[in-house]
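I've put the structures underneath this note.
Presented sequentially are two complexes of chain A, the first with chain B as partner and the second with chain C.
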Partner chain A sequence: MKEKRLLFALVALLVLGSLFPLPALAQQATPSDDEVNAIARQLFCPVCENTPLDVCPTEACRQWRELIRQMLAEGKSEDEIIQFFVDNYGARVLAEPPRQGINWIFYIVPPLAFLTGLFLLGRGLRDWQRKARQTAVQPPPVPAADEYAARLEEELRKRR
Partner chain B sequence: MLIDFGFGVLVLSFLLALFAIGAAMYGAQRQRAAWVESARRAILLTFPLLSLAVGALIYLLVTGHYEVKYVYSVTSDAMPLYLKITALWGGQAGSLLFWSWLLSAFVSAVSLRDWKGEREFLPWVIVVTAVTLAFFLSLSIFFENPFERWWLLPNGDAVGAMFRPAGGAAAFPPDGRGLNPLLRHPGMILHPPMLYLGFVAFVIPYAFAMAALITGRSDDRWIRVTRRWTLTAWLFLSLGLVLGMRWAYDVLGWGGYWGWDPVENAALMPWLIGTPFLHTAIIQEKRGIFKHFNMALIILTYVMVIVGTFLTRSGVLSSVHAFAQSAIGPMFFGFIALTVIVSFALLIRRWPLLRDEIVLERLLSREALFLLAAVVFLSVFFIVAYGVFSPLVYEIVTNEKITFGPPWYERATAPLLGLLMLLMGVAPLSAWSYTDARSLGRALWKPAIPALLTPPVLALLGIRNLIALIGFTLVVFVLAVSLYEYGRGVRARMKANRETPFQALGRLFARNRRRYGGYLIHIAMVVMAIGILGIELFQTETQRSLSIGEEIQLGGYTLRYDSLAQFPHTDGRRVTRAELSVFKDGVFLARLAPRYDLYPDGQPMTIPGVYSTLADDLYVVLVNWENVSTAQTPFKVYHNPLVNWLWIGSLLFIGGMILTAWPPKESQTP
Partner chain C sequence: MTPPSSPLPRRGVPLWAQIVIWVALLGLLLVIGIGLARVQQPMIAVGRPVPDFTLPLYEGYEYQGRSQVRLSELRGQVVLVNFWASWCKPCESEAADLEAAWRAYQPGGQVIFLGVDYVDTPLDGLSYLVKFDITYPNGPDQGSRISGLFNRDMGVPETYIIDQQGVLRFIKIGPFASVDEIRAVIDPLLRR
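And now, the complex of A and B:
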């Protein structure tokens, strides 16, 4: 008897619950501006050049921010929302080229350029050193910090 | 009448520049001094002539001659006088003429110098500067003519043209469109002339470098002669960059100062090559090495000056396709290609002549460290150029666009900028030619102590961010090294000459301006770095709609929304202005009034309200794209820690630059 009542209560609860579906719950927690901006900041305006979506003043971008708010309200995750924008407007909405395929050259070349520079510098210095060893041995002067300090030191010595 | 006069003078200057090129080349080839002299006078004359052209355009701007297309597009009756004058560089055609005018001023100044020591340079300096001038004047005459008039065609279209098109009738619009509101800010009024002055001044050292290559003179004469030009160019370029940053912070309303936008990068690129050139040129003067390197650097700087102007003026950045359609783009492209080919061909031909006069022996010598710093600078330059041009190439190849935003640039350049700071600390303590690890260690340990104490102190203060710890440690290190160098010099002078500390410091500067001014610039750089680290790593923001009386909290501050007013301004814009009170710990601090102005042409402008202290800025923006009402007003608030140090460092930087570049008294000229 007791179990029957409990079962009835559960069914009633489920029926009642289905009358107030999820949207009602979501509306209670409208995503805040900060939550919207946190995602908008990672996206670039698809119409203006080089303007992040969170600060773009155009009407189009305002609507895109509202779209983000709506998607957040629907429970979409950050990645899903960003992917939605990429699918619809292309990779240009991302702050950086997506790391895939040929795009990797945009990430590999910069450090490679610096390393190449270092390599060339190293080789140049090695050549210089080799040349230095071949040329006549110069008497090494006092390892003073520099000419000016050396001159100062010398003046000092003279005064004493 | 005045319109035709302005254009006529422009054409005359162009012809004079062409004549100067021919006469100087002929005179140099045939050893005819009279022809060279004639070329010199021709180039000298371009400045007064172009001044007349600029004067005519300014008169047209100020008096509202809206039948001139340029005047129509950048001024309106409602604009104040100073804005009408500065509208000279507010648009494409005017700024190109302005560019040419500045160049003619510099070229005239150079041609007036005493050429006794380097007479053989004269014709070639004239040729190089006159070619540059003729190129820019040709753009003004054939493609971007500021004196074009409006004509009404029989079919009702209005077109801009210098001469009456078939069936066209002169059109006189009653009022102009007015200057883009974003450009009506002191920072934006001063920023382009500073940048252009920097750009144009770099043409002079390049011209001397080319003259040295053509005449086969292998010594450092060209560097010595143009030393002050280079410093001046660098000063103005730096000033231009700083003003641009300040403008972005004050006007764009996104809480930042630098967005790695291609237009910003276009101005940064020449700076990134000019800076190492400034340093390695010193080494060529002192040691007679790095001759090829310096030549390559000054060529690249000049090329980047042209590329920078090209990027911002050709429309290539908004779309590569627009670039292909514009007439000015291919012209620039051709000129850049020609410059690169001719300059580097000359350098290669003279390669054997530019042999090093000494050999570099030690890896830790100041020469080697300067060279390492130059490699780092060039790498940063390469990254920036790569970020600017990759999207263009990508668009051509795939017909799709990609974005290179701040995260990409920051990740790629941050380690290199850190390395540069480290070198800024180490290099001044290394000696010319003979440093070994031990002597460098001996010089380094004292300034290293405060640097090593920095991370634990910051950690105790609660800072856990690794980049911040490294960054601030480097800042303290460079500060300590620079102050230590001052201290060492002052102490030595005090002992030797029985001077007071102030006398000693003053004379230290007087005796070696470049060196001790240079340290001041280093200090300024790291003070700027404090601000950059603060805002980049610790900026916080929040956005909320408030009704009057409501409060918002951020970064320890409380903002109370007090009132909102909307009213029309006399110049036609509609102003929406909010007032907020700033409190900290319950104490009233200030009243802020962020506003946004909506101009008649629909362009909005967001002016933030900023409460600024040495520790942080509270930066409030009335978010202009939302619907504003007193019931619900959307605000965006940024808390920008330490950002003021960026501007303090900038001021210090300018001071250091002026001190370094100021002409010495006659007796001290080397």
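And now, the complex of A and C:
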């Protein structure tokens, strides 16, 4: 009989113990604004131009941020949430175009153009330095040695 | 006489590199040009057939028990396609008129209304439909594919009315002001 009471008390304790901490846990699980904005800033407002989701004041963006909060609370990962937005609203909501297909142009062309510019600049500087060096070491021009000048010099000497 | 100075060796960009650079530049310009032309060219216009699309439907807003509807399956009916969103205030002002018009046309079976929920969250979209007691088929514009097909820089609400042959007959940017305004477009199409 005593054992039964003990068992009953244990079960009651377990049941009560599992009931009370639940609200506290649920509160902890509510994602903060910072957590929501860390994902929101990777997305853009669907209705304004060039406004990141984390700072957009429109109702549409407020709804999207709440959706992110809800998905985070459900335990969804950052990648899963972003993929959800791409699937539902298209790749245009991404802050960076996905690295696929024609989009590679945006990733390849700017650094390539920068490197080409650097190469051409370096080449131009090298040529310019070489030219400057050659000008510096060039001997002074030899005085005119023609016959007329020699005679003129001679005449002037005689008259002195 | 000054001795001739030794000429600098000519060190230009090699020919192959010049060709590569020019080809790359022209290719880039071509890609940008094609992209711009595609963006500026309207895919739909009044008097032209509307490209086919499939609209997945919200639960409770199915069409004849089906969870999606395809535009090409609706030939023979006048189709009103209304783009809306729960965050859109002007949409609210026309919601009752659209629903009233739908209830007037529904028994005849000659007209179908399709609501396309544009960049909205499913929960807010469904709440909007309940709030305004909307009963015609409605669904999300998944991946913004339908609005992309209509190729407009979309604001909402926008409404497109397509005739029985699948040709676009009317575009309304902004909300309808009354049921009569909706009927003034649809009734002549039914008489043809």
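Methods note: the second predicted complex is superposed on the first by the 93 of 160 C-alpha atoms of A that agree within 3 Å, B and C clash if a C-alpha of one lies under 4 Å from a C-alpha of the other, contacts with A are read in each partner's own complex, and residues count from 1 in each chain.
The rule we apply is simple: a residue touches a chain if its C-beta (ideal position, glycine included) is under 8 Å from a C-beta of that chain, and two chains touch if they have at least 3 such contacts.
As the structure is a computational prediction, the values presented were derived from the model and not from experiment.
Asks: Quick check on the superposed pair: does A:R92 touch chain B, chain C, both, or neither? Answer first, second, both or neither.
Replies: Touch partners of A:R92: chain B and chain C.
Asks: When the two structures are overlaid on chain A, which partner does A:A29 contact: first (chain B), second (chain C), both, or neither?
Replies: neither
Asks: Tell me which of chain B and chain C touches more residues of chain A.
Replies: B
Asks: Output check: A:K131 vs chain B and chain C. Expected answer is one of first, second, both, neither. What do you get?
Replies: both
Asks: Just checking: does A:V109 make contact with chain B only, chain C only, both, or neither of them? Give me first, second, both or neither.
Replies: Touch status of A:V109: both partners.
Asks: Can A:T58 be said to touch chain B (first), chain C (second), both, or neither?
Replies: In the superposition, A:T58 touches chain B and chain C alike.
Asks: Tell me the contact category for A:R123 with respect to chain B and chain C: first, second, both or neither.
Replies: The second partner, chain C, only.
Asks: Can you list the residues of chain A that meet both chain B and chain C?
Replies: Overlap of chain B and chain C footprints on chain A: residues 58-59, 62, 90, 92, 109, 120, 131, 141, 144-146.
Asks: How about chain C: which of its residues touch chain A in the complex?
Replies: 1-3, 5-6, 8, 11, 13, 21, 24, 28, 31, 85-87, 119-121, 123-124, 140, 142-145, 148, 155
Asks: Applying the document's contact rule, which stretches of chain A touch chain B when the two form their complex?
Replies: Interface residues on chain A, with respect to chain B: 32-34, 37, 44, 49-50, 52, 55-59, 61-62, 90-97, 103, 106, 109-111, 113-114, 117-118, 120-121, 124-125, 128-129, 131-132, 135, 140-141, 143-149, 152-153, 155-156, 159.
Asks: If you look only at chain A, which of its residues touch chain C in the complex?
Replies: 46-47, 58-60, 62-64, 66-67, 86-90, 92, 102, 105, 109, 112, 116, 120, 123, 127, 130-131, 134, 138, 141-142, 144-146
Asks: Using the touch rule from the top, collect the residues of chain B that touch chain A in their complex.
Replies: Answer in residue numbers: 253-255, 259, 261-262, 317-318, 359-361, 363, 366, 368, 371-372, 375-376, 378-379, 382-383, 386, 390, 394, 400-408, 412, 416, 429, 431-432, 434-436, 439, 443, 488-489, 492-493, 495-496, 511-512, 515, 541-545, 604, 606, 624-626, 634, 636.
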